[in-house]
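Below: one structure, written as structure tokens.
First chain written, first letter: the chains are A, B, C, D, E and F, and each begins at residue 1.
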Amino acid sequence: MSGIDPVVLFFLLGVLAGALRSDLRLPGAIYEFVSIVLLLSIGLKGGIELARQPAEGLAVDIVAVVAMGFVLPLLAYPVLRWVGRLPRPDAASIAAHYGSVSVGTFAVAVAYCARLGIDYEKYAPLFVVLLEVPAILVGIVIAKGLSRDTHWGRLSHELFLGKSIVLLLGGLAIGWIAGPEGIVPLDALFFDLFKGILAIFLLEMGLIAARHLSDVLRHGVFLVAFGLVAPLAFAGIGSALGHALGLSTGGVLLLATLAGSASYIAAPAAMRTAVPEANPALSLTASLAITFPFNILVGIPLYHRLALWWTQGP
Amino acid sequence: MATHLRRLVTVVTEANLERSLVDDLEQLGARGWTITDARGRGARGRRTSGWEQDGNIRIEVVCDPELADKLVQHLRARYYDHYAMIVFLHDVEVLRPDKF
Amino acid sequence: MSGIDPVVLFFLLGVLAGALRSDLRLPGAIYEFVSIVLLLSIGLKGGIELARQPAEGLAVDIVAVVAMGFVLPLLAYPVLRWVGRLPRPDAASIAAHYGSVSVGTFAVAVAYCARLGIDYEKYAPLFVVLLEVPAILVGIVIAKGLSRDTHWGRLSHELFLGKSIVLLLGGLAIGWIAGPEGIVPLDALFFDLFKGILAIFLLEMGLIAARHLSDVLRHGVFLVAFGLVAPLAFAGIGSALGHALGLSTGGVLLLATLAGSASYIAAPAAMRTAVPEANPALSLTASLAITFPFNILVGIPLYHRLALWWTQGP
Amino acid sequence: MATHLRRLVTVVTEANLERSLVDDLEQLGARGWTITDARGRGARGRRTSGWEQDGNIRIEVVCDPELADKLVQHLRARYYDHYAMIVFLHDVEVLRPDKF
Amino acid sequence: MATHLRRLVTVVTEANLERSLVDDLEQLGARGWTITDARGRGARGRRTSGWEQDGNIRIEVVCDPELADKLVQHLRARYYDHYAMIVFLHDVEVLRPDKF
Amino acid sequence: MSGIDPVVLFFLLGVLAGALRSDLRLPGAIYEFVSIVLLLSIGLKGGIELARQPAEGLAVDIVAVVAMGFVLPLLAYPVLRWVGRLPRPDAASIAAHYGSVSVGTFAVAVAYCARLGIDYEKYAPLFVVLLEVPAILVGIVIAKGLSRDTHWGRLSHELFLGKSIVLLLGGLAIGWIAGPEGIVPLDALFFDLFKGILAIFLLEMGLIAARHLSDVLRHGVFLVAFGLVAPLAFAGIGSALGHALGLSTGGVLLLATLAGSASYIAAPAAMRTAVPEANPALSLTASLAITFPFNILVGIPLYHRLALWWTQGP
């Protein structure tokens, strides 16, 4: 569908450097900064477009997307529990990770659209916000029931005020209030640098993924298979929903990507607190070392075809 | 120089427990603590700083033996089974006994 | 006077996130980097303009502005001591903070001028340098007298070679030596990114201010009132001086902003060393959680009107 | 393995005192020290790293008992009243007694 | 609360030795360690963090006396002559003796 | 040959601030980030140009440049050992530093060429990669012989997978694969910001150099002389080789600069591990506080003349 995106090459460079045990490493402060800028950029971009052409009748989309966020982990759990024979907490935790989303994967898909000039609904960043939390809630309830032990107050605080939601919504709001002209002086940082910053981010993700690669085999062939099949299945569901909602090709592609992506920031942190019995290495390895690379290398172009198939017919 | 004996409890554990542990310390009545960022290896594998989900913290609490006991019991009950954590204690001398 | 500047929205986002106790935080290294770039940008900009059109007869301006730096804390002190009934060290320390200046506030005012196309004397960054130190010296002398205990040597070293003075003067010098053309290759970092970097800076300032907001009420209504009235009064003085010196509207606005701003970097550090009896929470809360937000949200547009009133008549 | 007893003095205090404390240590004749960045809570409230005016440091000095005494006295006289600071000490074993 | 005695070995040394020391610890059979970044001064001059070739690390190992001995001997033999390094040890109490 | 480059003024500002013991400092994370971006930029630039016009017959250049990397330390060692009367490990270590290269110096030379519009062979970044390691190997062998004690495996891993080689080669590969158009979205970070980031880097290098300046005199006049003469001599050799290989003026200038530069990252780290008896203060002071400033202030313009002399005749 066209050559590989150079930002993805940065990911591969990171994986290679990590696998060869190079001493290359990105300071934690830089990783945090780079993710903050990415989240703000994505939010701002969405907000500006909303200011330009207000999205009407968003209510249906919102409800449908949130519903998908609740359903996906319910589909994943039985497979993990009975096909994969994983203990309940682990199955629930992995289900939560795969029902939730990865902003990094979304950013790569956005860059993909930009590169190929694919249009999409500009409120797409909202989907990220909507999909992040529901699956995590479901995962916790599966693991623990609606038990008193769970500090729901603290937990939902942690979930709804997590860094990514605050920055995405904040960016959306600022972009919407300030509008396209208002943001112009900020373009240099948030838009012109977007891909460069994404490249740095992916370099670090590659280094991190490489650190977890050695764990992949230890966890057995089921986890690998799940990490490759789940994104495909979920992207299928996401693209079907996108089509049903009447989204454009780009919109379908992005919703498929989100559905097919697995969280490696919000979900791990929340599951660690709420379901400590779950082994964090399992879910993190799957989402970070299998599904993330799969999605950015193979998945996104595939979901593009899928979206074209839905919107233009076979 | 007259000094007084107190206990120093040192905890090394997962960085994402920080908020939860600070809440615990407040509830148990600790009057102070000190936290530094750390990395390391233990039974639950290598933990490298530099990425949010990884990384350790090292918490120190100077306190009287009763609180030290309560704190250690609490940590054992609540965290030992499922979290990367080590705890060790020893005596230290302080100058202002009323402060700890 | 026109819609709100989007960079100010970043400040509000920070305040909101902080007040809701979100886990959003900016690494210390990024905060430091961002302030370094801001200081250099401001200095470079001034230096370039000086190279373009040399400012003649600056001597009078310099003397007058420095004099104002010595006078302002002398005006604040009696109010703090006898109206506010604060202990001498605290009153002296707060007086020093308010007599000195905030570079962050200055940066927002510069962005304000740029957005509305308001011209100003390009040597304005010099005012920042000139105003930072005198009030701090006065504050120390009020608190301690000219006592032997004060290590004046070490102290003045710390003051005159503080980060902000070194970077502002360094930037001025480099800009002046290299001239507009020489700096062109550096424009991308220091000028194109200026507002984006200012946005990140203000996001963090919002988070910091939020942390101190809860202290505001504890310190009583006098401190709040002082934190709101002092900037107005001092900006009045600053604008009058600016007018007397024959500055343009923009120049009057900037000098008013500087006079009305309160230090939260140089003054706290110096007072902590020289007047340890003063409670740092008092002065920091006032300058950071009251006066800084007031100035960037309300003050600067107000000082603009004030400047127009001086330069164009009522 | 023959070891020798020395004192380890640990100070946790405001980060902006670093230069001043290092000068003090030099004047008192300390032959070495180690500093790490820290955050924490105490009688003077919560101190979070990440912003210049906030943040703690944690200084360790291994030395003989005399210097430990002098150091602690000096800290008490000069800083206890007005600065966020705690100090604690205990014995440690070292291999090279002439080094400390 | 029943506690058990173990040794805490603390090493402060040049940051660029980290990889090498971690290899040593693994070979000597240490089951865990904790590392923090540090700066400081000693016989080999001032070491300030912030630049790659400068900067210290501070390694802590909780272990039984035999391993502590072996570790200290190894450090002395291999590093004392040519590297900026200090080592000190003392007893600490732990709850899970099988862990260390 | 034209006024001073403003980035060099940032270096001087750093030196000045450091010498006056200002509290200005750049966080370590920023220094690391800035060097990562510089290395990637240099690599990418080379890769893009290689994609544009493939460099044929590079084999001869590669062999010749690597050979120079082996020869330079062999020339330096006798001088250090018998003229400077340094102990064998110290002489070997310093020889390794001066035979190897400094990427920071190379970046300044690249900026110098860009400013004056001097063309050069675009595969020049390869020279950096080729010259980094050989001299270090030679230095170790001189110091230790081919002894069993040296862990050659671990050492060569450390050398060939060091940060700078990984990033330079990685950048080259990515630039080459993606080609000029592919990289366009990354231009803002890696090319537009190049000089700004170099300015920040040099500011920090100035601060570091100042910290080591006080050591310079302690180590005696021989070290100072060596630190000034060695770059001249080695740049002479580098320029002769460049001329022999038929490089353009810019190519000769860059190869001369590399030959004349001294390593302060790869070599110190490697020598510290492999030749611990060598006093690191000696070599670091020479390369960082003497040769680096000399090269960027005086050396590069001089090597430019030298290159002109070779390519255009006297």
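The working rule: a residue touches a chain if its C-beta (ideal position, glycine included) is under 8 Å from a C-beta of that chain, and two chains touch if they have at least 3 such contacts.
Please read these numbers as outputs of a predicted model, since none were measured by experiment.
Each step here moves to a touching chain, and the least such steps from chain E to chain F number 1.
Under half of the residue numbers found at the chain C and chain F interface occur in both copies, marking it as a different-residue contact.
Here the CA centre of chain C is 34 Å from the CA centre of chain D. Inter-chain centre distance (chain B to chain E, centres taken as mean C-alpha positions): 19 Å. For the pair chain A and chain F, the distance between mean C-alpha positions equals 41 Å. Residues of chain D in contact with two or more other chains: 36-37, 90.
Counting only residues that touch two or more partner chains, chain C has 23, 26-30, 32, 188, 192-193. Viewed as a contact network, the protein chains fit none of the simple shapes, being neither a path, a ring, a star nor fully connected. Every pair of chains meeting the contact definition is listed here: A-B, A-C, A-F, B-D, B-E, C-D, C-F, D-E, E-F.
Those residues of chain F whose C-beta lies close enough to touch chain A in the complex are 27-30, 32-33, 36-37, 157-158, 161-163, 166-167, 170, 173-174, 177-178, 182-183, 185-186, 188-190, 192-193. Residues 25-28, 31-32, 204, 208, 211, 264-265, 268-269, 272-273, 276-277, 280-281, 284 of chain F are the ones touching chain E in the complex. Within the complex formed with chain E, the residues of chain B that make contact are 10, 12, 36-43, 56, 58, 69, 72-73, 76, 80, 86-90.
The part of chain E that touches chain F in the complex is made up of residues 14, 16, 20, 45, 48-53, 55, 79, 81-83. Of all residues in chain A, those touching chain F in their complex are 3-7, 9-10, 13, 16-17, 20-24, 26-30, 111, 114-115, 188, 192-197, 199-200.
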